[in-house]
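Below, chain A partners chain B and then partners chain C, in two separate complexes.
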Partner chain A sequence: MRGLIRSFVTTGATFLRKPVTREYPETHRELPERDRAFPLLLWDQQIDEPFCTGCHACERACPVECMTVLMKDNPNHTSQGGTSSRRKIIDKFWIDYGRCMRCNICVEVCNFDAIGMNNTWSGHESSAVDRLDLVMDLQQLLSQSRAGAVKPWIAP
Partner chain B sequence: MTTAEFLGIEMPVLLEAFIKVNIVVLAMTVVVMGLIYGERKIIGRFQMRMGPTRTGPFGILQSIADAIKLVGKEDLRPRGADPWIFELSIYFIFVPVFVGFVVVPFAIGWEIRALELGLLYLLATSSVSGLGFAFAGWASDNRYAMLGGLRAVAQGVAYEIPLVVTLLAVAMLSSSLNLGEIMAGQASVPNIVWQPLGFIMFYIAMLAELNRAPFDIAVGESETAGGPHIEFSGIRWSMFQLAEYAHLWIMSIVGSAIFLGGSAWPFGEELGTGYQLLLMGVKSAILIFIAMWTRASMPRLRIDQLMGFAWKVLMPLAFAQVLINGFVIVYDLPLVLLTVQGVAGIALLNWAIQRAVARPAGRPGMAAWAGTSEAATS
Partner chain C sequence: MTSILLPASHEFETQDIFVNMGPQHPSTHGVFRMVLEIDGEVVRDVLPYIGYLHRGAEKLCETMDYRQGIGFMDRTEYLAAFNAELSYVMAVEALAGIDVPERAQWIRMILCELNRLSSHFMFLGAFGVDVGVLGTSFTYAFRERENIFDLFEEICGDRMMYAYFRVGGLAWEVTDNFVTRVNQVLGMARQGIADLDGLLTQNEIFQARTRGIGHIPAADAIDWGMSGPSLRASGVALDVRRDEPYLFYPQVKFDVITGTNGDVYDRYLCRLREMHESIKIVEQCLQNLQPGPIVPERMSRLLRTPPGEVYIRTEAPRGEYGVYMVSNGGNRPWRCKVRSACLSNLQALRDMTVGHYVSDAVLILGSIDIVLSEVDR
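The block that comes next holds the complex of A and B.
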């Protein structure tokens, strides 16, 4: 009888406790800064251009070869009468999110801190009907950082 | 033709009965849906989950969605099944439960028919469903179903006796088998005060009769993969479910009518029918909630423990209860003696359980191992 009463008390206590369930699509848990979703290009807010110079370092390092990078002369360089110190800048950039395995190597090899892992929920909720919709172009890769939606990344 | 009055209208008896049966069946369907939803919600909370939340506000339409899904599913029958018995078995489970509603007193004067032998009628009809489980298990051509059906019958027969005898003991006190009269006789003091042991034995036997945890070895998922239900799908399976929960509802109403004073205690007869229905609803809801709480708290029994408990513990106590009630009634002793005896009986029950837990008997078939190396080491 004692064990019986104790089992009832235990289950009664859990009954009165708050459920641990989070109703996912309605409520999102806050993600940590170093949450690793898909890679994004970062936007230099001071000069108003991407950090990326198109140096191909990430493209060469990518183990699954999901990136395609093209570089061009920066029209905003100081020699052209602009304000930027970047001689070269990114022209076209594609990342196939369908191939990316989120290994973070592109972020580690980048000399300009121009690429980062998306640490918002949009990086996780990116399902698409067609695999081609998962190939992101430069504008899509930059838009979040440009809008300030990506939280600042904190080094370990 | 005799006539009867219903809602102030004079009508033939059969028509009146037909209308009442329809009302009760419709109410039953709604209540069963509510019970399924409530059980999922409550068990969810016991496990710190939320239960259904996606269908409608707070998931309240979940049962309706399930019903639509089940009706839409294909009605399968295994190739090796016995077609007639397989198809008919479900009615042997479903119809007795339906028929039992005839005498269930929802409030004073609110039953379809107040039979003089109502209690006997109810027990007789509800015990037919064991036959349905045996049919379902045998006809399915499935070992798990067969095993589950056999277990359901063994358990049903074993627990039927303490259930009947404890209810008989109460009927002796009330000197009536009419459920309405038993209920109305408790206007001042509910029977649980005189029969605490009887109530506990009734509750245990009720859980076993309903195949509910911790006595759900007949339909246990981990042992018999659902038991007799296993080969049923679609509408037939939903009839199983409907019968199960309707039976739970009947038993909780009968239990609260017989032991907890039903709608008569407290103040039932003065405060009108609305209050009586509310009282009955609250009392039966408490009984159902405790059944769900038990399900969340207790592990399933083994078949030999289950049968041993019924035959060796509950049955002698139930017969002793009848004997003592007889003494008290015949010699006109004060009823308080029954309360004292009931509490002592609960202590005895506790002692018997404690003893069984402390000194577990050998595994079934242990004798066959005697002398072997395993018996020597253990």
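The block that comes next holds the complex of A and C.
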């Protein structure tokens, strides 16, 4: 009987504490800066082009081979009369979010800090009806950074 | 007793029936199937079927270089991913002869012990549900587990699949307020343990359900190759942290908790008391934590290991988690075998279950804190 009473005292005491739950879809917890959702490409606001040069380093290092990178000559390069110092630039880029295991390796190997892990809720709430909808192309990967909506944390 | 339907002399032809439990049964803690041969309500035989969660992580590791493999190790043991990563990176470090900086080792220890706490919380919660506490213990345990996961998320960005340990050290430095946050989490964990302790341990109904159930003697437990709290509950004081120390475990004081009866209740109690030891260890680690580098100064970017083989074992929440790694001189393991505690602990299931009621079978399976991703890999 004593043990039972102790159980009831415990539940009673917990009942009086502040709730720790949230009404999830309505309210969101604030995510820490280092939160890792899915990788995104970053936008160089100064020159108005992606940071990514299409060097394939991330593609080679990805353990699940979920990235596809194609590069092209940069039409905005200074030799072409443009303003950019990037000789090559990303042409097409796909990341299959359905396969990505969010290991952060692509961010680590990138020498240009051109890719980062989405640390906002948009990265976590990315369910789709069709698997193919999870294959992100260059525009989708860049749009959030281009709009200034994300600032991924990249380990120094 | 005479029946009005059948003459008194009639002999019933009774037969044992087979009941299929799982693989989608919520109380099997994953996808595990066991076929129970039951006589009335008493279990006569158990036939476990495993392999529903087999992803071939060991084989995959052979195609991955050493950094890529870390992510797969997380997934072999998703409730204590830090512990799984630790065995893997320590095996590579032993092969390549890398010295890990002190600070990285202390942080590794802190994170592993916190991970043990979170894993044991998960056990307490799920075990309560197995016993029949409905959701209460589960929500209590998850509340505390969330606190620990919040801390992990602040440090490495992910709540379960950390991918934070690297060969040679850590992926990046911890947050600036690491020490205060850990202390805060420890305080909350203490409260959570007290809550679950108060809810379950002395509860008469809980004791009636768990005492004397699923007994396994020490000799049998050793024969089956059990390890971790499931073995210690039978009275065998084997703890890899103490008996084959790694990291800085020799420098911290902690007790190896053992039980006496080896029944379900003791296995529960062992884990509960072990959590206090984990808190003790983390506190001592925090005192020893000094600023310094977290990766060795000279680390080549392309890691190759000399040919050789190594077996590294660590104490994961469920027991001995070992990685046997063979290298043939490349940048990836030639063979990476994972010795998981759960698979060995599961072998004793038949010995523990036979003779008990069907409802206790659920309890016994829960008491070895089974994680099917670790069994199947």
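The rule is simple: the second predicted complex is superposed on the first by the 135 of 156 C-alpha atoms of A that agree within 3 Å, B and C clash if a C-alpha of one lies under 4 Å from a C-alpha of the other, contacts with A are read in each partner's own complex, and residues count from 1 in each chain.
Convention: a contact is a pair of C-beta atoms (placed from the backbone, for glycine too) under 8 Å apart; a residue touches a chain by one contact, two chains touch by 3 or more.
Here the structure is a predicted model, which is why all the values come from computation and not from measurement.
Applying the stated contact rule after C-alpha superposition, one finds that A:132 touches neither chain B nor chain C. When the two structures are aligned on the shared chain, A:12 is found in touch with chain B, with no touch to chain C. By the touch criterion defined above, A:34 reaches chain C but does not reach chain B. Taking chain A as the reference chain, the count of touched residues is higher for C when chain B and chain C are set side by side.
In the overlay built on the shared chain, the residue A:117 is in contact with chain C alone; chain B does not reach it.
Residue contacts after overlaying the shared chain place A:23 against chain B, while chain C stays out of touching range.
Once chain A of one complex is fitted onto chain A of the other, the partner contacts of A:147 are absent, as it touches neither chain B nor chain C. When the two structures are aligned on the shared chain, A:1 is found in touch with chain B and with chain C. Using the contact criterion defined above for the overlaid structures, shared-chain residue A:101 touches chain C, although it does not reach chain B.
Shared interface residues of chain A, touching chain B in one complex and chain C in the other, are 1, 3-4, 7, 10-11, 14, 20.
Those residues of chain C whose C-beta lies close enough to touch chain A in the complex are 64, 67-72, 75, 136, 140, 143, 146, 150, 153-158, 161, 163, 171-173, 175, 195, 198-207. Every residue of chain A that touches chain B in the complex is listed here, in rising order: 1, 3-4, 7-8, 10-12, 14-15, 17-21, 23.
By the touch rule above, chain A contacts chain C in their complex via residues 1-4, 6-7, 9-11, 14, 20, 31-32, 34-36, 61, 63, 101-105, 108, 117, 119, 153, 155-156. Across the complex, chain A is touched by residues 42, 44-50, 53, 293-294, 296-298, 350, 353-354, 357 of chain B.
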